[in-house]
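As structure tokens, here come the structures.
Note that subunit A is present in both complexes that follow, paired respectively with subunit B and with subunit C.
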Partner chain A sequence: MIEALAFYMFAAVTVASGVLVISARNPVHSVLFLILAFFNSAGLFVLLGAEFLAMILVVVYVGAVAVLFMFVVMMLDINFVEMRQGFLQYLPIGGVIGLILLVELAVVVGGWQLGPAISAAGVAATPDVAQVTNTQALGQLLYTHYIYLFQAAGMVLLVAMVGAIVLTHRKRTGVKKQVIADQLARRAEESVKLVKVDTGKGI
Partner chain B sequence: MPMAQVPSLIPAAPELFMAVMIMAMLMFGVFQKSASAGDEVRTARYVSHLSVAVLALTVLIAVAFSGGRVLVFNELFVTDDFAVFTKVLVLLASAVTILMAQSFLERHKMARFEYPILIAFASLGMMMMISANNLMSLYLGLELQSLSLYVIASFQRDDSRSTEAGLKYFVLGALASGMLLYGSSLIYGFTGTTDFAAITAAVAGDGTHGPGLGVIFGIVFILAGLAFKVSAVPFHMWTPDVYEGAPTPVTAFFAIAPKIAALALFMRVMVGPFGGLLAEWQQIVIFISMASMLLGAFAALNQTNIKRLMAYSSIGHVGYALIGIAAGSKAGIQGVLIYLTIYLAMNLGTFACILCMRRGDQMVEQISDLAGLGKTHKMLALALTIFMFSMAGIPPLAGFIGKLYIFMPAIDAGLYSLAVVGVLASVVSAVYYLRIIKIMYFDDVADSLDRPVEKTIGWVLTLSGLFVVIMTFYPGPILDSAKLAAAALFAG
Partner chain C sequence: MAEVWDIYLWPLLWTAIKIVAIVLPVLLSVAYLTYAERKVIGAMQMRRGPNIVGPFGLLQPMADGLKLFLKETIIPSGANRVVFMIAPMLTFILALVAWAVIPFDQGMVLADINVGILYLFAISSLGVYGILMAGWASNSRYAFLGAIRSAAQMVSYEVSMGFIIITVLLCVGSLNLSDIVLAQKGMWFIIPLFPMAVIFFISTLAETNRHPFDMPEAEAELVAGYNVEYSAMGFALFFLGEYANMILMSAMTSILFLGGWLPPFDMVPFTLIPGPLWLAIKIAFCLFIFLWVRATFPRYRYDQLMRLGWKVFLPLSLAGVVVVAGVLVAFDLVPNAG
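Moving on, here comes the complex of A and B:
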């Protein structure tokens, strides 16, 4: 009972904030509604027993992607009124694409419902949630079974980093950098000169 | 909760050693003082010598721990005699090209310590490709190698041709990776696994009906991706531009190590998991082999730039090597391995000669710049003559032995048309190899090239020249180890 209540609450808020994302006039509000949608989908994942996915959704999407969106929206001067003008013109093609996606979704779910073999295969692939937590199962795959691939992917990323630095980093001349050691080592004798000034004459 | 066993890592020792040492060298290079240009050159020199030492040690480790077929990391990684043989070739090529590059880099004000490190990264990727036993480890090794190569191609970043070469290579390489991945996904979809042994079992099926159409499609896409990496026709278009645009030592590296690694991968994939489908992929390999040989022979005839010429020549050589793969037999694979060994020596020597082509500290790349070399640089001309005769396949030089061991298995396998096309193409390609010799000895002396030849390059020329000459008379060790390696590939 409580589960159903929680589900309907999360689902309703997700759908509502999804609609508000595309209909809000202020793009900053859109991004905020997007974050709300992410949080509620995370709640839905928790209800499904996919707690790792829920956490990743919050950490990665809210923590990184949405903040990035926010930056882009605030930094770029995009004229959103102008962007909205073609809305009706693109509505038919957008509708067709939406319809295709809906049909495909129906086919997938229909296949799942009608073919018992397919759903059985799907269930067999996942370790039992009661035995192993999501995080543990993923960790076993990633850090035990596929440790070689994990490390190899790390090497690929390291090469990407080295490559980016090699190809773009240039040493600039005339940059004044703060060297704290130099600042601390400075003595009054090196930088202050005492001059005896005669009265009324100036320097 | 059972504790996971720590697997025995000894079979992967060469890769692990190299990965750790690369990171150590990277740290060493980053934390060296770099206040002036002189400091940077010194750091680059240190790291370059260090990396040659690391590559040499890796060869020793690879040879020391060889013996038998061992799987590690949940069967993602395999090491056998075949892997050891090709790894030694790749590591030798990388080490020698790093040695040859140093003075070029210093002259062109691009001596930075990242160069040997990126080459070492690429070699690590190649070793992982060679030892792949799963479509996933294959792809990651290939990407590690390719990504390093893209960066090295545009290493001379202030030169527009070098950056163009890097960008072109990157865009087309990404396309090839995409095709390879698509093929892998089809294979995974239709066999339900990415493990090579399991794919072998899956495509063999129960014998009642042939392999599914999806598997064939997957093989075709994987072949296309691999053909790009070995620059076989019709996926060769990037080769001349990249070879011409990249700095010369980089071209030398590109022409040798990645080709050997990619051909090794080609053999591993085609003979391993898809060995049972020889009849399905043989016609494709025959086609790309013939097309590569013919294009390599005819397109090189009109070239004036020696680096472009070497690009077409390497396309042709890949065509010959593919004949051995098309034969699909143990003797064929042995032939490819012998061919690759000889190809390594010939190309190292030829690129050492090209690196000597300077006039007043400027690199010259036209074939006509070689005019009169026979009078001004007698030894250099002699060495280049040996390499050109060997590439043309004229006995008694090593190139002839290589071609011999490629054509014999093709005839045994009944691929007569392929052998005939190969012989005809090598006759045509002899024209442009001999033209270089003619220009060196019989054309009027133009401005002389710089003297003297550097010591490192002199050593490379001497050793590879000696190998090319002596190989024919003492082919025993290489023939035997190539035979062992080929047998190991079929054992799995």
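Moving on, here comes the complex of A and C:
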């Protein structure tokens, strides 16, 4: 019973904060509600027994991605009232996309319900969760069974990162930069000159 | 009725009692950490420190707390009220909930979860939100600058902390904190992983916004950074949260590198002292280094801080992961292999 109560609490807060993400007037509040939604989804993962995924969700999304969102949203000076004006104009397209996703989800879940063979094929790929901890299960899947795909995904990410840096980096002139090696290489002989000044003459 | 009591109410009550038994000592140590800080730094700078209120000034933390409690809470008129009020509470709560997974002795832990270290890492990475929310909601330039610095700083140092935790996990083969401590029965990890331990400790300084990395509240340039608009209990909660975080990070360092509740040698005079006391001694030692660093070093410049995080610690800790993993595989030392 406690589990059911916890589930309804997490689920209700997730859905409610999800709605508030898109309806809050203040963008910073939107990001805060997004964080609340992430957090409660992590709670749902814990209820499912997927504690590793729950923690990773918090570490990666709440701890890093949402911080950057917040960073950007707080600093940007965008007129959000203006941005909202196209809302009705884009509503049909958004609605159609949402409908397609809903139908696809229904097909997947319906497939599991109607054909036990399909769901059996899906589960067979993972080790039995009752026997290994889910950290181990994920590790075996990612680093043992699908290591080449995993490496390929890593390479794609690396290329994307290099691409982003190349595209946005620009050489600026006249910027003063600290070069630690130069500072350490300086010696007293080349930077300080002792002068014996005669009285009344100056240098 | 008796059934309801046995199944639902009693476990709830028992958990609540255990939570109080953890939180009370933590809060008391927070109060006396502020006292210790002033005494230690006073001694290092040849001053006396607090010595008026009570014997040796021992009641000073209570007096400070009472003073902050009785002050007026001021909310700036331009502030975003709700977020402004939530921010200090969030900081304080996050500093306390992390203690749920800290093992004080064999089996003496509130929640012995499989992914304990990840939980700690997740909670400590959330600490940035309190500061970020405070800085934004204050609607003040200084507070905002402090918050932005803090966000960049904490995200940067978390990365290298994550890699160092991975090196420890490679040696343990489990994410459970009790397992991590028990794996150090023969030798504390500070001996084989000494460079990692040093980098980890410095990263915790940055993560808790302590000297010499206290950029978010650099009083010389930002007045007091993110908490400049806070008064009374709001300020007190930030303050307590910061000190509770220091204790938490010291506990984390003790568990990862100093063998948690284990005595240094498994022989008679050392094993007589109970485990929780060993953990407390180790935490106190780490905290002393925190205070020592504050009394000794000048504040970093912001670009130097970023350089240290991204260009020095990140490559070093990444190399550490590669070296540790390589050594473990080469000498066939991988735990739980097969």
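As a convention for this text, the second predicted complex is superposed on the first by the 139 of 203 C-alpha atoms of A that agree within 3 Å, B and C clash if a C-alpha of one lies under 4 Å from a C-alpha of the other, contacts with A are read in each partner's own complex, and residues count from 1 in each chain.
Everything below uses one rule, namely that a residue touches a chain if its C-beta (ideal position, glycine included) is under 8 Å from a C-beta of that chain, and two chains touch if they have at least 3 such contacts.
Please read these numbers as outputs of a predicted model, since none were measured by experiment.
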A:I35 touches, of subunit B and subunit C: first, second, both or neither? second
Touched partner set for A:T144, first subunit B, second subunit C, both or neither: first
Partner chain in contact with A:V96 - subunit B first, subunit C second, else both or neither: neither
First (subunit B), second (subunit C), both or neither touched by A:L48: neither
First, second, both or neither for A:A160, with subunit B first and subunit C second: first
Subunit B versus subunit C as contact partner of A:A152, first or second or both or neither: first
Partner subunit C, residues of subunit A touching it in the complex: 2, 26, 28-29, 32, 35, 51-52, 55-56, 58-59, 62-64, 67-68, 70-71, 74-75, 133, 135, 178
Residues of subunit C that touch subunit A when the two form their complex: 8, 80, 83, 113-115, 118-119, 121-122, 125-126, 128-129, 132-133, 136, 144, 147-148, 151-152, 154-155, 158, 162, 175, 303-304
Residue ranges of subunit A in contact with subunit B within the complex: 136, 140, 144-149, 151-153, 155-156, 158-160, 162-163, 165-167
Subunit B residues within the subunit A interface of the complex: 1, 4, 12, 19, 23, 26, 72-74, 76-77, 112, 114, 117-118, 121, 124-125, 128, 136-137, 140-141, 143-144, 147-148, 150-151, 154-155, 157, 166
